[in-house]
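One structure, as structure tokens, below. Some questions next.
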Amino acid sequence: MVLFFQLLIDGLASGAIYASLALALVLIFRATRIVNFGQGEMATLSAYCAWQLCEWGLPVALSFLIVGAASFLLGVFVFRAVIKPVSKAPVETIVVITLGLFVFFQSLCLWLWRADQRAFPAMFPSGGWDILGVRVTASALCILLVLLCLAATMGAIFRFTRLGLAMRASAYSSEKSLLVGIRVERMLMLGWGFAATIGFIAAVLVGPRLFLSPTMMLPILLYALASATLGGWDSPLGALVGGLIVGVAESLGATFLPFIGADLRVVIPIAVTLVILLVRPVGLFGSSTVVKV
Amino acid sequence: MNILTVRDLCAGYGATDVLHKVSFTVEQGSIVALLGANGAGKTTILRALSGLLPSRGLVEFGGTDLRQCSPARRVELGLAQIPQGRGTFGDFTVEENLAIGAYTINSKRQIKEDMERWYTAFPRLAERRRQQSGNLSGGEQQMLALARALMSRPKLLMCDEPSLGLAPAITEQIFEIFKSLNHDHGMTLLVVEQNADLTLQFAHTAYVLEAGDITVSGPASDLLRNEAVQQSYLGV
Amino acid sequence: MRLPTLIKAPLALQALVFAMLTAAPARAEEPSAGITDDTVKIGISGPLTGPVAALGAIADGVRTRTDPINVAGGVRMADGKTRKIELLVEDDGLDPQRTLTNVRKLVEREEVLAVVATAGTPNNQAIGRYINQRGIPNLFMYSGVHELAGPEWEIGFVPSFTTEAATFAKYLLDNKRQAKVALLYLNTETGQTFQAALESAISDSGVTIVAAQPVTSADPTVETQLSTLKASGADTLVVITGPRQGAEAVRFATESGWKPTTLISNIAASIASLKPAGLENAKGVITSQFLKQVNASMPGDDVGVKRYLADHAAAQSKFSTEDALGQSGYAIGDALVKVLESMKAPTREAMMEAARNLDHAQLDLLLPGITLTTKTGEDVYPIESLQLFQFDGAAYQPMGDVISFEGKTPRH
Amino acid sequence: MNGTRLFQSAPAALVTAVALCLPFLAPDFMLFEFSIAVCYGIAILGLNLLLGFSGQICLAQGALFGIGAYATAILNVNFGMDPIATLPFAAIITSLIGVLIGLPALRLQGLQLAIVTFGVASAFPQLLLKMDWITGGVTGLATDQPLAPKWFPGSQELWLYGLSLICAAISVFMLRRLLRGDTGRLMRALRDNPLIAESLGVNLTKARLAAFAASSALAGLGGGLFCILNGFISPQSFLPMKSIDILIGGIVGGITSMAGAFIGAVFIVFVPGWTTDINPALGGLIYGLCLIAMMMVARQGIAGLPIGRSLQALGGIFNKKDLSRVPGPLPGQLGGE
């Protein structure tokens, strides 16, 4: 029984990791209706930059601040340079372009910092507590709390602010948005910028757990996609809850379902995705229009 | 006084022009109808006026040359359009639609007042203010689209085929609203329609568009009696 | 029990390959392609890009050894001529199919004499038939499994996983006779070979494997597996995984308050790769090594290490001096030089002959007491000794002497 | 229909001509690489059918390719079948499994289908490892090499290359028949607008499953051929990135063009190698840039580039019909409204 609860906690901890990337994916989808396969790799680049600044002797907080702002610019730049010129192109084209971003940023990190894994400066204490034999680590708890705040803030921005509404509108239909006086391109640009910053925050949160390496985000991509689907693609809180469910399902399933086992745990996010899509295609928190996408 | 002056307007998609030097004017405080068959270029005119399409020729709105203005700027200047297919945001709630309609308005108080005003005018929308607009009926959506456009306090409201897909009774209701907007609030309207019969009853002035050119123009009451128009559009 | 099926395929393969070999034409004593009077061309195919690009350090390590030699004039070979080594490196992203394409390109277009340091078990498997048919030496494969698809023309380098398993077993049998072992293993040939060898080495003893959990390279984290292993009540953790999972295991042991005796395979145990987990957490970790510990800031007075550091600087190598993969590459380059030196004729056959009859060849970076020894037909394992080390929070300290399995590497 | 045919035959003629000239131009090892490209080309052809003609995005094509490869290997190793004789079976087996994967596709679209199929691609190598009693696990499987018959004058490589070309020709021929028949019309209706297609009484289920079956059969055939060419396969060759590569090949070549399928295949086989040849450290970087630039310049894929278009125009001299590309709304949308 202790093992069960331990695995539950472990699942939540890994779920928080999936949720962090899912959050960035959801943000960019919400703001531009694009699934950016290169999102994780852009975040990795930001994380490396932050690490490099720390290595050069800047205080951690300052370098995070600088890189957070730089990430925003990176997102804006990528949008202007690569996405905007093809905004009228078929979706497959955009998919391949984001795959190109994925390859590009991964190779860039590999070229600049090589493949060795590195220690990312941890923001949270490393200890933990034993509660009735179940170990709860401080860092996992902190990540969860930060993500919760982040998701709630994002949700509130989209729901209640003029800016959020305008971003959602631009993503929904650029033409209709132009007709109500929204500067659509600026909104899409902001969307990419914010998503890149959220991606960086995600990388900062999970960096110490996954270690810094050019491919650190690769294994969690599928899990993040599953989390976002489960939560409904347009809900930040949904992405968080989705991530946690995927994490727990994976942790428990890999251990207690003998025919799956730890070596086939990758089928769990797929199964979860499939079930939710067949039962409730909009995800747990999604709105109906996403289905038609 | 003309609120809108269009002279030698050319616009189209890609290399081919749909409009060939169209010229017309809209008088302040009037209802102007733009009639024409499918594909005559009516929607193209509206899109060019809103800045969604690149165009050549003079477009002057309230004394401002619109050619240098972005679509957003045109809305700020008081040009609103209800596009074909309503122009509401399906995954927004009714209230969010109204809020986004007022995107160019900076005064919170004014937004609140306007919202209440249109809720009073369209009680159906007030009842459904928290619902997703995608789930509304066609008539309700058209009302929402109208309210959404009015939230920006336009000087000229352009409306593309408001009757499309609506039951005749509801269409009539919409036109009644247009009339009262014009009459009570002094709003200028430019209505694009295929349903010439009904439109001409409400409009003051009308233009008939054929293959990218204006062929007939004049007071609506004259056009109602014009034989050519009767044959082509009124099914007489 | 996966063992039987594992053996079946290579056997079928070998029979097949043998049938083909007999059909291969005999070669005369004239020089093979890829070797002239002043140069010898050697090809390398390895992952320079993709998720396992870290393995690219191996190719760079080989270059680190050969570049300075070329600058000094070349290798003096046993036929009396001095030749420079021309290295050609191709990227395969660890995709076996691309390895085969690369090797074909290297052999047919670039006309290399041999390929060295091909990384990955399936990758070496994939080129086995080709190198056998063409008679191309595939020297010092970077694979912990040594008998693959081209037995006549291939030779491994790093100790077999079975050797490492035997070393770990010996440690437990000597020091912890009642150990309850939890095993975290990479779900590939690596882990399976190791697990089987460990099981057979501890049979009939007090040491038991109480739990085993697989990890795959695609797993985001291994915490679930570790929690399960911890819950099994084991007091010893054996980790046979890549560097990332190894470091995670070390950190987990601390974070979770579980303090087992931890034995980590040398694939994952380099200090650089443990650093992200926090070096204080890695204190007490035991590993087995065949390479010397290199510390660039305190080189000590070891001649081999000094030469390595000098070469590393001269060749402007891209990997860090402490990178175990780069060091392995350097050692492979060193071994290649040894083979070239003892080649009696400029042919591929002579090269294979030389590689298969190494007699206690010493390499700069091998631990004192560990040498390369092979014998045609009898001994295909160059390195069969390992030494146990324990991490003291700053460096690895040796535990006892080199443990040698010379001539008795357990088969798998 | 005539117009479409001619439009296709212009770049197609070029590709065919190049393919036939290759044995005289390329050395053996390059012929081998081109044979590999042909395998991928056949799989991409299948993806084109799914994505370009029926509007379903599938990221599991690499896994299906792998199933074909394993079908050939298992039939050869365990049942002693001649490798070439296994090819039809590889196609059929893969087709059946493809239909299984296609079943959820009946209810999923666009992004959702992409994620689920990407999941399948991710799980595939692990499944191969798990089923090691038949797949040989990580050790992989080695198959017999189909030696060139005695009467064949050319080299072994030429024989294999010829074999690949024949498979490709058969695939193209079958695909054309399929697209011209009722099923093809059905699929196009499906892509252009599923809702309208349904209201017109088109049997959605049948059309979608047919698309999956045919597409998977092609992937299986390509995979089987891939296994024969390499003589050895292991899970390491069928990682999820392979599916992504195949998708990239399809889109780079041009998703509604048969000739484009093979152009795209050549792209994914050769370009990564070239870019690392330019600079090993920057290889991936250049490849990524190539990919992005390519999509920005040629949104319709290489087969839609001006060269392709001028070729079409050339064809137009003989046929006065308008040769515009098959238009249609975007299939399998991942974004956009």
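Going by the order they are written in, the chains are A, B, C and D; count residues from 1 in each one.
Definition applied: contacts are C-beta pairs under 8 Å (C-beta built on N, C-alpha and C of every residue); 3 or more make two chains touch, one makes a residue touch a chain.
Please read all numbers here as calculations on a predicted model, not as lab measurements.
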{"item": "Path length in steps (a step moves to a chain that is touched) from subunit B to subunit C", "value": "2"}
{"item": "Chain located farthest away, centre of subunit A as origin (C-alpha)", "value": "B"}
{"item": "Centre-of-Cα separation between subunit D and subunit B, whole angstrom", "value": "49"}
{"item": "Mean-CA-position distance for subunit C and subunit A (Å)", "value": "37"}
{"item": "Geometric centre distance via CA averages, subunit D-subunit A, whole Å", "value": "31"}
{"item": "Subunit C: positions in contact with at least two other chains", "value": "49-50, 56, 187, 216, 218, 318"}
{"item": "Set of subunit B residues in contact with two or more other chains", "value": "none"}
{"item": "Sequence positions of subunit A contacting 2 or more other chains", "value": "107, 110, 172-173, 261, 263, 266"}
{"item": "Complete list of chain pairs which touch one another", "value": "A-B, A-C, A-D, C-D"}
{"item": "Residue ranges of subunit C touching subunit D (in the complex, touch as defined)", "value": "2, 5-6, 9-10, 12-13, 16, 48-50, 56, 89-91, 93-98, 100-102, 104-105, 107-109, 120-123, 125-126, 128-129, 149, 187-189, 192, 216, 218, 318"}
{"item": "Contacting residues of subunit A [partner subunit D, same complex]", "value": "29, 32-35, 82, 85-86, 89-97, 99-108, 110-111, 172-173, 222, 225-226, 229, 233, 261, 263-264, 266-267, 269-270, 273-274, 277-278, 281, 291, 293"}
{"item": "Interface residues, subunit D side, partner subunit A - complex", "value": "51, 57, 104, 107-112, 114-116, 118-120, 122-123, 126-127, 129-130, 240, 244, 247-248, 251-252, 255, 281-285, 287-292, 295-296, 299, 330-337"}
{"item": "Residue ranges of subunit B touching subunit A (in the complex, touch as defined)", "value": "50-52, 70-72, 74-76, 80-81, 83, 87-92, 96, 99-101, 103-104, 132, 134-135, 148, 152"}
{"item": "Of all residues in subunit A, those that touch subunit C in their complex", "value": "2-3, 6-7, 10-11, 13-14, 17-18, 107, 110, 114-120, 126-128, 130, 135, 137, 209-215, 218-220, 223, 250-251, 254-255, 261-263, 265-266"}
